[in-house]
Amino acid sequence: MAHNRNGRCASLGLMLMLGAALMFGANAALAGAPKRGGILTYMIPADGGPSLDGHRETTFAVLHATAPFYSVLIRVNPDNPSSTTDFQCDLCTEMPQPTDNGLTYRFKIRKGVKFHDGSPLTAQDVAASWNKIVHPQPGVASARESNFVMVDSITAPDDETVVFKLKFATLTFVPALADPYAYIYSKKKLDQDMHWYEKNIMGSGPFKLTEYQVGQSIKGERNPDYYHPGQPYLDGFVAIFAPKQSVRTDAIRADRAALEFRSLPPSARDQLVKELHDKITVQESDWNCGNVVTPNHQKKPFDDVRVRQALFLAIDQWKGAQALSKIAIIKTVGGIVFPGSPLAATKEELQKLIGYGPDIEAARAEARRLLREAGQEHLEFELLNRNVDQPYKIVGTWLVDEWSKVGLKVSQKVVPTGPWLDAMRSGDFTVALEANCQNVVNPIADVGRWLPHDVQRENYGFFSDPEMVEIHDRMLRETDVDKARILMRKFETRINQQAHQLMVTYWYRIVPMRSYVKGWKISPSHYLNQDLANIWLDK
Amino acid sequence: MVSTTAHTIVAEELAPLPRSRLRRWLAFLIHEPLGALGIVLVLAMATTGTFAELIAPYSPTANDFGAMMEAPSWSHLLGTDQFGRDLLSRIVYGARTAMIVGLSSALVGGTCGLVLGVGSAYFGGRTDLVMQRIFDILMAFPLIIMALAVVAIFGTGVHNVIVAITIPLVPRCARVVRASALAIREIPYVDAARALGFGHLRIILFHMVPNVMAPFLIMVTAFVGQAILAEASLSYLGLGVQEPVPAWGLMLQGGAEEFATSAPWIAIFPGVAIVLSVLGINLFGDALRDTLDPKLRKR
Amino acid sequence: MYRYIIKRVLLVIPTLIGAAALVFVLMRLIPGDVCVVRLGSSGGTFDPKAIALCHAELGMDRPLVVQFIDFVWGIMRFDFGTSMWSGNPVTTEIWARLPISLEIAILATVIAIAIAIPLGAVSAVKQNTWIDLVVRLFAVGGTATPSFWLGLVSLLIVLNVTSAVFGTPWMPPIEYVPIWQDPIHNLSMALLPAVTVGYRYAAVSMRMTRSAMLEVMQEDYIRTARAKGLINKLIINRHALKNALLPVVTLIGIEFAFLIGGLVVTEQVFNLNGVGRLFVQAVQNQDYTLTQALVMLTVIIFVISNLLVDLLYAWLDPRIRYA
């Protein structure tokens, strides 16, 4: 059920939720009743993450490996995961209406839920887990702590109620609460050892852990006490860590595994479809991830706004996205807000911005003019990029080509993830190509990423811009969607005119899977809908 | 078969070593068909690399999004890769990168090894002992691991790759050279030279080095091949030369594997180029060794 | 001889300590911070507080000399520390991945020896005939082919051939099952990688066998045996091959340690959860403890195998044995 205070959210949500996702192939709802049984073998396109604690980690590898074992409080509707506004209860009984002018949320927790070791799950466990996420003890890392600055306190007055008290009312709270990493842990285990979950798995989710082979695979079997009736349909699952893409494609081809849940590039999809015809189903969706061009404002001449603007004007995103979509996981051109969200800019609004203009020749002429004015006609610099093909290196190579069309000589410096992050953190780069990936679509919180370095440490543009901070602050406290949208446009225009950073094309998720896999629906984020409870095998 | 062997035996027993250069080369070609093949391949690679601009039909870095992943055709003899870049041109320019990396690493590594090896043998005593231990330590690291460590420290890119590959080659060369040099150290004319008061450097450079040239040259030729393979492995792991520099190892990484089943030419041709080059170099090195090492000359 | 053995064994110690020092220094020179990689792996927000905590947890804030002594002392007790990335003991991480790597290494060795020795011997005996040429070309090809490319191409071939012949493509399994649980599944996973790695190994051994045989066959005692009228086959098997095997065994012993280099790339190609892949991950994650432990292990294996080979040589070579 959509979260709604005055009905407008719901209708907006209903209208727009299907806009962003493209679905190919059989729809689970039409395929018939779910069959019980079978083991799903899937691949995780990464090496294992450092620990098993969802609260602490940020890599999807941990999520894909552990989400089936846990429950969360609320989540994006697993039968409608492409919606950016359709949130549902997992452990709670119904989505609450906030009281106290939007400052208090009371959740009623289901009765009779058990952890895999048999102990009962109560509101105490929910509160303890959420406190670990929002107000972690010293020595405990919580990766998404900053998403919950609006939360004042979390308490469990009795075994069935959890109360969240906010410092200010905001549209960002409920989507943030639907964080797929927000596993509910056992308070007893947490009291024993706050770090217990880093090396252990024990939840209340649809599957119980049977085997974990470090670096190799993780296996689970059905939890007979699962509280959603009928689920899970699968007897169990096997997840294999497989960082090499060609191995994954071949594995699907040879039916060594049914699918991977992140994304494969267009060529893999085309090849699988060509060879396997109807044995393969493909689901596609816009992705809540995109690449960002970040000039280091502290390095000359990128402290000059004209140079930065020229940099962005040179790029033909519309044509580039179209061409690259054939070889890379890229498709949609968008602004700082995910294109499927009600708060996103329309195409007309986008085309007024730098780097999105419909007339590339005019834009490039303007770019050359700006460079001349700034005395930087023959500027040469290095683009820092991450050593991952899809789509970083491809986008990087394309950008180098685009910039050459306005006379800029750019070379790419491609480094592995560690040094890439390190160079950006320390400001040891001129222009960087980075990524902006969020999990649940939560636009106002998500665009916090664009805030200046003094507020958002993860922003490597190293600039300061109090006006931006002010607009964002107002947006954060705005509870009316229309007013929020106006502020968002102001925010976006500000970033764009100051040419702080540029979003270059959103990624595109392509998930080919063997046709016997049913029930799973794609969403804009590879972090969502991974507990496998609604998947069944038509075999 | 028997008659050829008999003929060879007779020819070698009865006739003195061919004196003229040309006869020597002809003899080489006849007796060493594989060596001849090696020379042909090496020359092909060298020519391609040197005259890349004249040979390559396209620029190796020009993207052509309209011609992505095209199969080999008349306009693109070896096909194109995922950016529409002509594979033949990239392979041709890649020969240059391979030559640069291979020759630089081999020559620098070999020369350092030569100096250290001969010096260690000449000075003997404690110097020798310490140098030996250092060589032992360095040689205990497999080449790829050493190279990986260097790249991890200094970063990627052509220059760092050359350094990364050169370092493990030095002790390997030094070891072999030292073994040969040890034999020479005791030869009377070296003693005589010392008695006459010639400086260390002069003795090393003019008396000892020339006599270890044979094993040195053999090692250096082997190194060129090893260096090319090492660069390929490093680039494959993503830690070698970077885009968009055309290098064979780099061409085998990422896109090649990704598109291996839909566009296999992207993965096959660069690999063939590597195999042929290293094959040529190794065959040439083998022939060289067979010629220079009297023990292995045919009966 | 005993003096030789003792001297030789003692030499191992400074080599190992020197190698440990080198490894230690190399790791510390690598720029970047494992804590940053660990906590910010997908560009998510991380906290300088958390990073400082991480540093303290991993002992990265202690003086370098202390860290080094800790490291060396640890090696001697077979305690290689804890992985900075996962927090698990290094021994656990390595132990979990050792079986598949060891299996491939052993299989590769078996394949290599099975091919190399007979072919090398034949090539030597039939020197300069077309058999010799073909074998030599085959051998040189092995030293010229990048193992990962061979792996790539062989996988491609297997997939396409099975697809054409049987309709559905077949590929080696990607899930590891120990050999005692399901030998066929296990072997089908290990065979292709073993052949890929083994080809180069076979090539090098083949060349060595050939040249060792050639040398031995020129020796006087072979000529004498021939003059005595012994059958050629007997000469080869009883005299030549046995004596030629000595340097070959040496080479096989030494090359075994170098298999690790081949494993590093091959395990990537075939997605095997082995020690080679662990090494690449450790370097990418900037996990010093794990990387230095792996490198030290390789070094130790290499030094020990060299030692064993030298001792074997000393035992077998009467000139040293009776010194």
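Each chain gets a letter, A, B and C, in the order it is written, and its residues are counted from 1.
Heads up, the rule we're going with is that a residue touches a chain if its C-beta (ideal position, glycine included) is under 8 Å from a C-beta of that chain, and two chains touch if they have at least 3 such contacts.
Just so you know, these numbers come straight off a predicted model, no measurement behind them.
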Problem set entry | Chain closest to the middle [Cα centroid of all protein chains] | C
Exercise. For the chain pairs A-C and A-B, which is connected through the larger number of C-beta pairs in contact?
Worked result: A-C
Exercise. If you average the CA atoms of chain B and of chain C, how far apart do the two points sit, in angstrom?
Worked result: 22
Exercise. Roughly how many whole angstrom separate the Cα centroids of chain A and chain B?
Worked result: 48
Problem set entry | Between chain A and chain C, centroid-to-centroid distance (C-alpha), Å | 41
For this session: Scan chain C for residues touching two or more other chains and write them down.
Result: 31, 152, 155, 159, 268-269, 286
Exercise. What are the residues of chain B that contact at least two other chains?
Worked result: 155, 239, 257, 260-261
For this session: Send over the residues of chain A in touch with two or more other chains.
Result: 244, 246, 250, 253, 416, 419
Exercise. For chain C, which residues are in contact with chain B within the complex?
Worked result: 11, 14-15, 18-19, 22, 26-27, 29-31, 127-129, 133, 136-137, 140-141, 143-146, 148-149, 152-153, 155-156, 159-160, 211, 214-215, 218, 257-258, 260-261, 264-265, 268-269, 279-280, 283, 286, 295, 298-299, 302-303
Problem set entry | chain C-touching residues of chain B, taken from the complex the two chains share | 1, 4-5, 31, 33-34, 133-134, 136-138, 140-145, 148-150, 152-153, 155, 225, 229, 232-233, 236-237, 239, 249, 252, 256-257, 260-261, 264, 267-268, 271, 274-279, 281-283, 286, 295-296, 298-299
For this session: Flag every residue of chain A that touches chain B in the complex, lowest number first.
Result: 244-246, 249-250, 253, 265, 267-268, 270-271, 323-324, 326-327, 387, 389-390, 393-394, 396-398, 400-401, 412-416, 419
Exercise. Which residues of chain A touch chain C in the complex?
Worked result: 41, 43, 47-51, 57-60, 139, 141, 143-146, 198-199, 213-217, 238, 240-244, 246-247, 250-251, 253-257, 275, 416-419, 421-422, 425, 434-437, 457-458
For this session: In the complex, go through chain B and note every residue touching chain A.
Result: 63, 65, 68-69, 82-83, 155-157, 238-239, 242-244, 254-255, 257-263
